[in-house]
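Have a look at this one.
We call the chains A, B, C and D, going by the order they appear; numbering starts again at 1 in every chain.
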Amino acid sequence: MGKTRLEAFSDGVLAIVITIMVLEMKVPHDASLAGLGPLIPVFLSYVLSFIYVGIYWNNHHHMLHTCSRVTGGILWANLHLLFWLSLFPFATGWMGENHFSGLPTALYGVVLLAAAIAYWILQQTIIASQGPSSKLRIAIGNDWKGKLSPALYTMGIVLSFFSPWIATAVYIVVACLWLIPDRRIERVVQQHDA
Amino acid sequence: MGKTRLEAFSDGVLAIVITIMVLEMKVPHDASLAGLGPLIPVFLSYVLSFIYVGIYWNNHHHMLHTCSRVTGGILWANLHLLFWLSLFPFATGWMGENHFSGLPTALYGVVLLAAAIAYWILQQTIIASQGPSSKLRIAIGNDWKGKLSPALYTMGIVLSFFSPWIATAVYIVVACLWLIPDRRIERVVQQHDA
Amino acid sequence: MGKTRLEAFSDGVLAIVITIMVLEMKVPHDASLAGLGPLIPVFLSYVLSFIYVGIYWNNHHHMLHTCSRVTGGILWANLHLLFWLSLFPFATGWMGENHFSGLPTALYGVVLLAAAIAYWILQQTIIASQGPSSKLRIAIGNDWKGKLSPALYTMGIVLSFFSPWIATAVYIVVACLWLIPDRRIERVVQQHDA
Amino acid sequence: MGKTRLEAFSDGVLAIVITIMVLEMKVPHDASLAGLGPLIPVFLSYVLSFIYVGIYWNNHHHMLHTCSRVTGGILWANLHLLFWLSLFPFATGWMGENHFSGLPTALYGVVLLAAAIAYWILQQTIIASQGPSSKLRIAIGNDWKGKLSPALYTMGIVLSFFSPWIATAVYIVVACLWLIPDRRIERVVQQHDA
């Protein structure tokens, strides 16, 4: 069974998630700078979430590149990942509208954490389907980013209740870690193709 | 006539349906746990509908895999299925917002039942187009799941007026029945490909 | 220049148009039958528009099947068609919410008429690009449906101000005319392929 | 790494952006002409933005046609462009709802300017990835449109505070400049293909 439709469906969901997040930025009725003011935290949370969805799309792209056979398990692990990513607009809107206050910032971290775990499950499912000489397993290596991120998200969730701004800084640091595309996979794929 | 655009269009509609359902979960203005409280049933109904749309996408994927020629009848049977699936966000939102009360839970069951019938019509249309040695007919076998589900949905609709929670439990049971991907089709396809 | 992205983009826009129309059916806060009542005309207008978008997708599918080369003119004629189709959710919502009263029913007809003209322009642009032995020109033949529909829409627009229900009946009649897929094109394509 | 998913994802985001802009045109509760009146500027701003997104899709289409290899840098430059395009519905809605008053018209220009810069960055990233004999570099030639547009947008932003209507006229002029598809690229591609 091919992976074309899996990619097409995932691209569709991610494209919609990334675009409807902007609908949380309600058009103000007021045409003055004062009208835009309350939207600044909503805008900042939108930027952060846009980058996160971009990272997920990017890494998803690289990960599926190593994958030639799609099993039922992979289909469902992928849907599970999309489920958590579909909650980004809600978590982003709540955090932005409440100006990065405690509970919403913690919930944002919970959604980030759940998506990271779902991504890890999908990764393991693909590795298992590829057998002992799994291209993806070689590509991710020791996967330090994948192991560090959940720990940092958890730290962010706890910190939210003390200082939401430091928690947000932690989420930004994790995003920066991942902004660099997964060159490990690119390298291994090129070696295998060569 | 190829099936590429039929798949692309269906993937698009399903991706949007699954994603806009989350818009029914309105961002609360309140940043406290009390603000999140009323959203819990909305969230639970979202989870259930997400799984249902996932099942439909999954089975649709398998079903079209057996299909090489797309007729006008298949195009319209497919649009008919998409119509009922497009009502999921409405039915889900109404059920969630009213905390699984009687009438909304019954309506949810009606939409599930209509989608199941539309799926069955699409299945029969594809089988008819494939002639006597239809791959899909062999693949679905006695189709006990396809026959049992409408009966269970009907039971759920009736039960909604007495105990919406039992009705919801019935809908969950049907979802679990289908969560297992249609291995019958996978098996037959592999045999034919071999 | 290939037509793959043109089809993908059109499929995307049509899939979104057909799905966001359902958002005009606002989830009622009331869990009773009385709460559903005012939604019945909105639902009926949704059904009609769903069928229309389905017809457009279907015929667009058939029309592009005859087209191998995409010019700048075709790209823009296609965007022009998508523009009018993107107004369906607005026109549908206004007509449904106002229970098929005069002006909204007329505006719905104006959008139908404009989409029909845009479709005709796209058709002529493709025919012109195909030169004297245009496959599409042969396929559409005398194109009686394409010529009759704008006349009927115009009749519907005028009738809206006297009896919106008769106007709506006219729109339904046109939809029924088109529900039969464009077998002319299918036939010619098969002959050419044979 | 292929460009199929990059194109599919971009098409998805652009299709959603172009379609959800129409959601800013809220269905009026009033069924009279008086109810439609306030929507006219919203409609006009929608038309302008629809044309702009159409132009971006069109040129993006042509630009990626010259591109066979997608690097990490191209992926992110493309996401950066999509980010600014995703702000079109917000900027369009604010400008339309406030009847093209000063600040919203200036913000619209800022989003146009940012998208133009993001497009230019993507263009340079692709050229850099193609090496000294870059097809795209030859295709765009002296790129006078790409150089003139940011200057005109800047002029429009400044003019917004004096006469928003002249500013809007400037935005319309730039759109007209671009409405002509990038024949330069078409020509070079044809020469290279020949």
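Here, contacts are C-beta pairs under 8 Å (C-beta built on N, C-alpha and C of every residue); 3 or more make two chains touch, one makes a residue touch a chain.
The model shown is predicted, which means the values in this text are computed figures rather than measured ones.
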Interface residue identity across copies chain A, chain D - same or different by half: different
Identity of the chain that, by mean CA position, is farthest from chain B: D
Copies chain B and chain C - rotation angle from C-alpha fit, nearest 5 degrees: 90
Rounded Å distance between chain A and chain B, as computed from the means of their C-alpha atoms: 26
Length of the line joining the C-alpha centres of chain B and chain D, rounded to whole Å: 37
Per-residue overlap in chain A, given as positions that touch at least 2 other chains: 8, 12, 15-16, 20, 23
Chain C - residues contacting chain D, complex: 1, 5, 8-9, 12-13, 15-17, 20, 23-24, 72, 75-76, 79, 82-83, 86-87, 89-90, 93-94, 97-98, 101-104, 107
Chain B residues touching chain A - in the complex, by the definition given at the top: 7-8, 11-12, 14-16, 18-20, 22-23, 25, 27-29, 31-33, 36, 47, 50, 54, 57-58, 61, 65, 179-181, 183, 186, 189
